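Here it is: the structure, laid out below.
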Amino acid sequence: MTMIHKNEGLRAWLLSEDFTSPRQARAHKAYVSWLRFSSNPLAFGGLLVVLLLVLAAVFAPWVATHDPLAQDFALALKPPSAEHWFGTDELGRDVYSRLVYGARTTLYIAILVTVIVGPIGFVIGAAAGYLGGWVDTVLMRVTDIFLAFPSLVLALAFSAALGAGIENAVIAIALTIWPPVARLVRAETLTFRKADFVVAAELQGASTPRILFRYIVPLCAPSVIVRLTLNMASIILTAAGLGFLGLGAQPPMPEWGAMAAQGRQYLLDAWWLTAVPGLAILLVSLAFNLLGDGLRDILDPKHV
Amino acid sequence: MVERMIEVTGLNIRFGQGSKANHVVRGVDLSIARGECFGLVGESGCGKSTILGAIAGRVKEWQGGIRIGGEAVAPERRKLSQLRQQQIVFQDPYGSLHPRHTVGRILSEPLEIHGIDNRDTRIDQVLDQVGLPRRFRFRYPHQLSGGQRQRVAIARALVLDPQILLLDEPTSALDVSIQAEILNLLKDLREERGLTYLLVSHDMAVVTHLCDRIAVMQKGRFVEVTSRDAMIRGELEHPYTRLLRDGSLGYRPVKAAE
Amino acid sequence: MSDAQPLLSVRNLTVAFPSLQHMLPAVRNVSFDLGREKVGIIGESGSGKSTTGRAIMRLHPAKTRITADLMAFQGRDLLTLSEREMRSIRGHRIAMILQDPKYSLNPVMTVGEQIAETAILHERLSRREARLRAMEMLEKVHIRDPERVMGLYPHEVSGGMGQRIMISMMLIAKPALIIADEPTSALDVSVRQQVLTILDELVSGNDMGLLFISHDLNLVRSFCDRVLIMYAGRVVEELRADELDKAQHPYTQGLLEALPSLTEPRDRLAVLRRDPAWAEG
């Protein structure tokens, strides 16, 4: 009985709009956002898939059934069976286990790129938008130079220059993803720069860094977060492209894009080699997209 | 004690360059005494908000002289201590508060910038003065009504203890009943704290209600400066002033002319 | 004043938005008649005044629940008309003026083209005749330089001129009823008087009915013949404009006392104490 009462009390406390402490205000905001988010089935589904991906990556040794690197030519190109859930590839390696370990690679690349691109895009975009003048011109011309190249070509060029390997692939991809983010931040900054609450802060004597980080960045954050989640698909695909050309993740390391690309030679006989990783890429990209949409709904200031 | 709180001489403000420049304020002089409420009335584009902007420090390019509290201020930059003397209350209660900051944060920002202690006490005090419950500190702007937001905006203007409040159409976006509350609040605050007000508005009734002296502007110039009593009695000199006064009384058919 | 049969008859109009189920309907049991006269609807934000105006024109999205015992225009029940039939009424028999002419005028056509189009549509004139008609209309709304204005695009004209252009289009269409939603709120004082004068001439000269929706009490009481006061979706009082001082309902009285007055200055303005009973019964 007491438990039920306690829960009702907690829920009421979380939902009440009459705050009595900063902790309650924050808890309320988080709880209400969660309720809104979870009432959107597609976004919730996206979140689940992403969580599944993370869990698979973290617990790969337990989730996988075989050693992803173990080769056995006798078992090459076997279709899906009870023993090998997604069949085997041309070197006899278990596709399912490679998929699970490949999740690690995919997640590693996606998260690292995002973590690099976010701050860079923010700093460049916010500085250009707020300071204007020659700072804006110089930064935007640099951005334009990066944007002039198709992203895959640019990533290839950087990757080739930096050398093979996963970390270099991350840097190369990051260098192609930051320009649109910077542009987005700049556009948002331009709209907010003239807002009364920014002017009020300026007239109180707030310094430029203060205004950028405490006033403008929190307002740009929602669009940028959404943009970054929507970008996941292109990050994964660009990594795949690099993998196919021998840059990026090096064999025998499993990586979904490389797996899909390699399976193309065997498409007619062993469709599972391409279909399975391809489907995984599709599902995860879709999941990130839906997650991004759901996040936009709760983060958009207009909806708050 | 400085008697002339705000002194403006020969203020000229132009936007844009060369032949296409818009001469928004043309040689304006004004002088506001300590504790006075001075009103600037005019139609859109007359330059009244621009003058307020120049005094506030928001408009950074002007020619002429501006002295606030006896001290001359420069167009480009102002010292932190100079900024403290006057604060603005903006027109739009929905746009003047940061949507992601709580009320408490909005009020503590200016205190942090100026390195003032006892922040919690001062915030509580200023919330009391504008008639908001202290627990509103934890609320976000979207949880407040228009009138409540405007009170927060006034509280923010007061928290640095300025001597001058620059009011830029503070009640134009509010309903009639809420406007009455805010006007009463502004009147009370001025009396309690001995503040000096510069009120910009297009609403003659509001300006007459609150102000001691009223300047009427048209196309960047002062057309007439009159007193509250004269405005009430209708003893006005300039036909444009009379036009504005009549206009605020309601509909009056005009002869066919464009 | 009113004819034998009023132009517009509304009984117990209720407008509810389904997405806001937990809130009261925006308009509740609103009833009034409108003849060939100027009737003002006064209210603060959230009073339902604009929603009422739009409901009469059936401009709300399909999911909106609009119910009434009666909503008749010139004897025809507006609620039962099909969308096609409503389209023939909107702009032709009932016209609407909104606050910002930029939203009502087509931004990619010049002013002259738009007025001419109205003339062709309603009077079946040739292109040349329509153009002459358009100039004639612009002169009627006291635009001094009609030739030049004809060639302008909506974003190039001032607010006051935009409203006059809207009115001139209505002169051609000759609606029986005009619904004006804050038509002069965005205009300066001097321009406001001109636009209202033209509107006044239009309405009285053509025996039209005008529903004037506004928050500006002083304006409505001096411009209109009768006034309806709305609060929380309901009509709380209905008076003749010149008898507003004798208002009975505490909300109306409160509004009047809350207004700063140029002619009767007060030290403090009376603060409206909202009685929850006003929102009911």
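Read from first to last, the chains carry the letters A, B and C; within each, the first residue is number 1.
One rule holds for everything that comes next: a contact is a pair of C-beta atoms (placed from the backbone, for glycine too) under 8 Å apart; a residue touches a chain by one contact, two chains touch by 3 or more.
Owing to the predicted nature of the structure, the values given are computational and were not obtained by experimental measurement.
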item	value
Chain-contact steps, minimal, separating chain C from chain A	2
Most remote chain, CA-based centroid, reference being chain A	C
Length of the line joining the C-alpha centres of chain A and chain C, rounded to whole Å	51
Centre distance in Å when chain A and chain B are each reduced to the mean of their C-alpha atoms	47
Approximate Å spacing (C-alpha centroids) for the pair chain B, chain C	33
Chain B residues touching chain C - in the complex, by the definition given at the top	43-44, 146, 175-177, 179-181, 183-184, 187, 202, 204-206, 208-209, 228, 231-232, 243-245, 247-254, 256-258
Contact footprint of chain B on chain A as seen in their complex	17-22, 24-25, 29, 195-197, 199-207, 210, 214-215, 218-219, 301, 304
For the chain C and chain B complex, residues of the former touching the latter	44-45, 142-144, 188-190, 192-194, 196-197, 200, 215, 217-219, 221-223, 254-255, 258-263, 265-272
Parts of chain B lying in touch with chain A, wherever the complex brings them together	56-58, 80, 83-84, 87-88, 90, 92, 95-100, 102, 104, 109-110, 113-114, 135, 138-140, 142-143, 156, 160
